[in-house]
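Take a look at these structures.
Both complexes shown next keep chain A, but they swap its partner, so chain B is in the first and chain C is in the second.
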Partner chain A sequence: MKNRTFFWFILPSLITMLLFIALPIVSVFVQSLYVEHKAVLIEVENCGPFGCTQEVQVDVAETAKLKEARPLGQFNGFGTYTNRNHLAFAEIGEAWQSSTGVRDLLSKALNLPFYRALAFTLTYTFVVTPLVLVLGFFIALGVNSLPKRIKGPTIFVSLLPMIVTPLIGSLILFWMIDAQGVLGATLQQIFDDPSLSLKASPKLTWIMLMVYGVWHSAPFAFIVFYAGLQTVPADTLEAAMIDGASRWERTRYVVLPHLMPLTVFIALIQLMDNFRVFEPIVGFSAQASATSLSWIIFNDLAGSEGQFFGSAGATSVLTIIGISILLIPVLIRTWRDFNRKVV
Partner chain B sequence: MSDIAHRRSPALNAVIWGFVAIWIIAAGFPFLWTLWGSFKVQGDFFSKADWTNAVTGVRTQLETGGAFTGKGYFGAWITNEFWVAALNTGIVVVSVVVISLTLGTLGGYALARSGKKYAFYLLMLALVFRAMPHITLVSGYLLPFFEWNLWGHLPTAIIVMVAINQPFTLWMLHSFFLNIPKDLDESAMVDGCTRFQAFRHVIVPVMWPGVVTTGLFSFLLAYNDFTVTATLLSQANQTMVPKIASFLGTTQTEGNVMFAVAAVVSATAPLFVLVLFFQRQIVSGLTAGAVKG
Partner chain C sequence: MFLKAITFAGAVSLLGSTAMAGCGIPGGNVSILSNDFPAIQAVTAAAAACAEDGGSIEVNLTKDHKDIMVAALTANPAQYSSVIVSNSTLVTLMNGGLVRPLDDLVAKYGSGLSKSQLITVNGKIMAVAFMANAQHLFSRTDVLEKAGVDGIPTTYEQVITAAEAIRSADLMEYPVALNTKAGWNLAEEFVNMYMGTGADFFEPGTANVSVNNKDGVATLNMLKSLVAYSNPDYLTYDSNATQAEWEAGNLALATMWGSRGGAILDAEGSNEMVTSGTVLTAAPTWGNNARPASTLWWDGISISANVSDKDAEATFVALMNGISAEVVMANNDAAVWLVNGYQPSPASAGVAATAAGGAAPYPMLPFMGALHTALGAEISDFLQGTESAEQALADVEAAYTAAAKEQGFLK
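After this line comes the complex of A and B, so read on.
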C-alpha cells in the first residue's frame, strides 16, 4: 500500500487515539506537577457588641479569581510525588530509621495510602492471574469431555460472568455474601458467629474481591483454552496412547505443551486487566479494607472532598510506570513474533 | 476408532461431571438468584434470619399481598427515572459502536495491507495504549474538559470511549483483514480501481463477519463502562451503570436497595440476549487474537 493511501486510511483512527489517549498521558504528567491553589486568606475586623476581634477568613471571590486565572494551580514540581499520599519519602525514611524489623516497616508502609493501594493491586494481579489460568484450564478440559449436546448451553452459562458489567457482577456477588445476603447469613448461622461479616474483616474482603476476580475472568481463559483443545493434534495423542501413556500423562506431555502459547497470551492480557482492578471495590464498597491504584485516582477525581487533579495526576503517572513495567514482556514477545513472521 | 481406548473410568467421569456442575452453578446461580430476588421486598432478599424467606417470600406476602412484587422495578424505572439512563446508554452504545467500527475498519484495513515497518510500530503503540488503565486517561481529560465546557455531555463520553476502544478494534479488525486474501482487492486495482474503490466494492461486501464480531466487543466495552461514564457525564446525562452506583450511594432508606437490584437485573437482560444470539461470534472473537498468537 502506498504511504499516502495508508496515511489517509489510518488518519481518523490515529487522530482519536492521539487526542484522547496520547495527549491525556502528557496532560496527566503536566497536572501532576501542579497543586491546587491555597485559599486566599484575608484578615477581617469583626465588630460586635462586645468589641472588635480580628478574624481570618477565606476570601472566596479572590480564590475563585486565582483559580480562574490559573486553573492548573501552582507549580509544585515533584512535590506531589513525594508527599504523604504518594511515595511518602519522608514517612518511609522515618519508618526505616525507627522500625524494629521488616514486618514493622511493612506495616508502617501499608498505612500509607499509596503503598496500601499498591499492595492490594499487586496481590490481586498476581493471585488472580494464575488462578484464572488454572481454573480456566480445568473447565476447558471438563467441558471438552461432555457430550456434544450439552456443550452449547454449558458454554452459554460459562460466558455470563465475563460478559456481565463488572460493577453489576460484583454487586450481584456482594448482595449474596453480604451479612444479610443468602450466603453470608447462612455462613453466620453455620459458624454461629454473628460478627462474621465482609465489612468487618479486611482479610475476608480481600479474599472475596479475588474470588470475584477469578469468577469474572475464568470464562475468558476457559474459552481460549477450549478453542486450543480443539486443535490438539490427534496423531500425537494416539501415538502417546500407543506408547502406553496414561490419560494424565497425555494431558501433561501433549496437551499442556500444545496450549503453552495460549497460556502466555491469557496471562499477559490478564496481567494488564487485573492491574486496573477498580469496579469490584466500588461494588463491594470495600474501600475501607482494600483500595487499588485505580480506585485512589477515582477517589481524587470524584471523591466527596473535592477534586485533586495534581494528586490524581501523580498517582496516574505512577500507575502508568507500573503498567509499563508489566508490559515490557508483552512487547518483547510481540516483537519477536513479528520478526519471526517476517523471516 | 477407539471407543474403548477413549472410555473413561466411572470415577473420572463423576469427577468431571461434578466439577463442571459446580462451575455451572457458580457461574449461573448468582444471576438466577438476583432475578428471583428482584421481585421480592428487601426484607426477603436480604433476610438475616432465614434465607428460605427469599424463596417463599414471607415478608413480600405480608407487605404487598402477593408472592411477587414489581415495586423495585417501578421505583427504579419510573420514580427514579432509570429509563432516562437506559435511553442514554442506548445513545452512547450505538454511537460508540458505529463510530469505532467506521474508524476501525479503515485503519485495520490499512494496517493489514501495508506490510511496512511503521504499520507494525503503530500496532505496538496501540498495544501500549490498550494497556493504559482508563482512569489514568480520564484524570487527564477532566481538567481540560471543565475548562472548555465539554464536561458532562454525551458526545464527549462517546468520543472518549471511541478513542479508548480504538486500539482493540484496530488489532481485531487488522487480524480479520489479514484473513481476507490480498488478491481480491489487488485484482480490483489491476482492473483500474483506486485503493478506496477496491476497499469499498470488494472488501466491504466480505468483511461483515469480522465487523460483527468486533462490533460485539465494542458494544460490551461501551455498555459495561463505569470509569468514563461515571466521571465524564453530568447527573442528567448519566448512563445505566453510574446510575446504579448512585442508587447505592444515596439510598439508605428501607426498600431502596431493591431499586438497585431491579436496575441491575434490567441492565443485565440485554447482555443475556446478546450472548444468546451471538455466542458463536463472541467465542470466535475471543479466540481470534489468541490462536493466531
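After this line comes the complex of A and C, so read on.
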C-alpha cells in the first residue's frame, strides 16, 4: 500500500483513538496533578430541630472566586501520587528505617490502602488467570469429545456464568454462601463447624473472590479454546495416532502447540480483566478484607461525601502503568511471533 | 378499626383534593431527588399530587441519591429543583454552593412551619426539616425475659451482659447486631459511639482531626465487645440485612435506624412472636456518660441554586403541600415527624427518647465526610483483630489528613 493511501485508510481509526483513548487519558493525568483549592472556612451558628451550635462552614462565595480564577484547582504536582493514600513514599521510607525485618516492613506496607489493594489485585490476577486458562482448556477438550447431540446444550450451559452480569452473579453467590444460604450451610455441615463463615475471615474472602473469578471467566477461555479445537488439522492427529501416540500425547504435542496463539490471546485479555477486578468486591461486600485498585477509584468517585477527582485520577494513572507492566512479557512474545512470520 | 381507617383515609383524600385545587403552584417545573423510604415516599407523593395544578412534577426516589446529587445540581440549570437532604448531605451541597437560601420563600409560604423546623446556617434558612431520625436500641422483651434479664438495657455495658445471658441460656448464639457493614455504616457506628463520650472529632475551630485518644480507643473496644455477640458476617451487615435478621427472629438486641421501626413493627415480613416482643427504646449510654451514644439526623427540603426563581417557588409550594399536617396525620407511624399535628407512636418512641436523652446531632462540618470515609475504611482491621486500636486510629487520622489536604481543608 502506498503511504498516502495507508494514511487515508488509517485516519478515521486514528482520530477515533485519539478522541476516545488518548485524550481522556491525558485529561485524567492532568486532573491527577491538581487538588482542590484551599477552602475558605468561617465559623457560623447553625440552628435546627436539635438546637444551635457554633460550627465551621465553607465560605462559598470566597471559594467560588478561587474556583472561577483557576477551575482545575491548585497545582499539586505529583503530591497526590506520593501521599499516604497512594504510593506513600514518606510512610514507606519511615517503615524502611524503623522496621525490624522483611515481615515487619511488609505488614507496614500492607497497612497502607494502595499497597493493600495492589496486593489483592496482583494475587487475584496471578491466581485466577492461569486457573482460567487450564480449566477453560480442559472444559473445551471435554465438550469437544461429547456426542454431537448433547454438544449444543452443554456449550450453552457452560457459557452461563459468563452471561450473568458480574455484579448480579456475585450478589447471587453472596447470598448462597451466607451462613444460612445453601452453600454456606452445606460447608458448615461438611466441616462440622457452625461458626464457619466465608464472609468473616479475610483469607476465606480472598479464596471466595478468586473462586468466583475463575467461575465467571472460565467460560470465556473455554469458548475460545473450543473454537480453536475445531481448527486442529485432522491429518496431523491421525498421523500421530498411527505413530501410536496416546490421547495425552496427542493433546500435548499436537493440540497444545496449535492453540498457543489463542492461549496468548486469552492470557492477554484475562490479565487486563483480572487486574481491574471490581464487581465481586462490591457484590460480596468484601471491602473490609479485600480491595482492588479499581475499587479505590470507585470509592473516590462515588463517595457520598464529596468526590476526590485528583485522587481517582492518580490511581487511574497508576492502574494504567500497572497493566502496561503486566502486559510487557505477553506483548514481547506477540511481537516476536509477528516478526518471525513476516520474515 | 378498619372502618375508622377507611373514613380517616377518605377524609384525608378529601382534604387532599381541596388542597390540590389550592396547591397554588404559580407555574413552573418541579423535580425532586431523594432517598427512598416510606416517610419520604408519602411526602413526595403528596407533593406530586400538585401536578393537577398544571406544570410538571417529577420525583426520583433512590438509595443512591447521595452519589448523583452533586453532579445533578452542579449543572446549570440543575437536573433537580429540590433534593431531600439530611444533616450530612446538606453540608455536601452547601460546600459547593448548590442550594439557595429559603428566607423569602419561607416568609411567603411557610406560615405553618414551626421555628424548630428551620435549618439556619449563619442566619439564613437553608433547609426545612420535616422528620427526625436516629439509631437506637431495638429489644426483644420475650427473649430477654426468657434469659432472665431484668428490664431493657439502658447502657451498652448492660447490653453486653444481657447478650451474654442470652447466649449462655442457649437462646441465641449471636443476639446482637449493629449496622456494621464496612464503609459508611461501620463509620456511623463509630461516630455514634464516640459521640456518646461527648468528645470532639476535631480540634475546635480547625480541620485538625483528634480521634486517636483514650475516648477513641474506648469506643473501638466497646464496638469490639459488641460485635463479639454479632454474627461473624457482621462486616457485611447494612440496614437491610439487620432488618431482615430482626424480622426473621435471629436477633434480640440491635441498634438500628428509627426509620426502620414502622417496617419492623408491622405484620409484613415477620411473625407475631417477633413483632409483639419488639420494643423500641433510646440509644444506650456507655462508660458512665449521660449522653446517648447516637447521632440525631433530620431530613428536610432544600431548593437548588441553579434553577429559575419560578421553578424554585413552584418546588417549594409543592413540597410544603408534601409536608402538610394532613400528610403527616395520614402517615403518622412512618416517621418521627417534626410537623405540627404529629402524634408519637410506639414506632417512634426510640427516636423521641434518644432526642430527649440529649443525643447530639450529627456534626455539620464540611470535613466530617472525609473523616467518615476514613473511619469506614480503616477501623475494620481492629475489629478483625489484625491491628491494635491505637494503630487503627492512627491510620484513620493519616487517611483523613491525606484526604482533607486533597479537598483543601488542610495545608
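Assume the second predicted complex is superposed on the first by the 268 of 343 C-alpha atoms of A that agree within 3 Å, B and C clash if a C-alpha of one lies under 4 Å from a C-alpha of the other, contacts with A are read in each partner's own complex, and residues count from 1 in each chain.
Basically, a contact is a pair of C-beta atoms (placed from the backbone, for glycine too) under 8 Å apart; a residue touches a chain by one contact, two chains touch by 3 or more.
Everything numeric in this text was worked out from a predicted model, so none of it was measured.
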{"item": "First, second, both or neither for A:S197, with chain B first and chain C second", "value": "second"}
{"item": "Touching partner for A:R84 - first (chain B), second (chain C), both, neither", "value": "second"}
{"item": "Which superposed partner A:S285 touches (first chain B, second chain C, both, neither)", "value": "both"}
{"item": "Which of chain B and chain C A:T100 touches, first, second, both or neither", "value": "neither"}
{"item": "Partner chain(s) touched by A:Q307 [first = chain B, second = chain C, both, neither]", "value": "both"}
{"item": "Partner chain in contact with A:V58 - chain B first, chain C second, else both or neither", "value": "second"}
{"item": "Most chain A residues touched (candidates chain B, chain C)", "value": "B"}
{"item": "Common ground on chain A, meaning residues reached by chain C in one complex and by chain B in the other", "value": "178-179, 285, 302, 307"}
{"item": "Chain B - residues contacting chain A, complex", "value": "2, 5, 8, 12, 16, 19-20, 23-24, 26-28, 30-31, 33-34, 37, 45-51, 54, 102-104, 106-107, 109-111, 113-116, 119-120, 122-144, 146-147, 159-160, 162-164, 166-167, 170, 195-196, 220, 223-224, 226-227, 230-231, 241, 244-245, 248, 260-261, 264, 267-268, 271-272, 274-276, 279, 282-283, 286-287, 289-291, 293"}
{"item": "Residues of chain C that touch chain A when the two form their complex", "value": "66-67, 70, 87-89, 91-92, 94-97, 116-123, 129, 132, 173, 181-184, 186, 205-207, 231-236, 238, 296, 298, 338, 355, 360-361, 363-366, 368-370, 372-373, 377, 380-381, 384, 386-387, 391, 395, 398-399, 401-403, 405-409, 411"}
{"item": "Contact set on chain A toward chain C in their complex", "value": "35-39, 41-51, 53, 55-58, 60-61, 63-64, 73-74, 80, 83-85, 91, 111, 113, 174, 178-179, 194-195, 197, 199-200, 202, 284-285, 287-289, 299, 302-308, 310-311"}
{"item": "Sites on chain A touched by chain B in the complex", "value": "1-3, 5-6, 9-10, 12-14, 16-17, 19-28, 31, 71-72, 138-139, 141-143, 145-146, 152, 154-161, 163-168, 171-173, 175-176, 178-182, 185-186, 215, 219-220, 223-224, 227-228, 231, 238, 241, 247, 261-262, 265-266, 272, 275-276, 278-279, 282, 285, 293-294, 297-298, 300-302, 307, 309, 312-313, 316-317, 319-320, 323-324, 326-327, 330-331, 334-335, 337-338"}
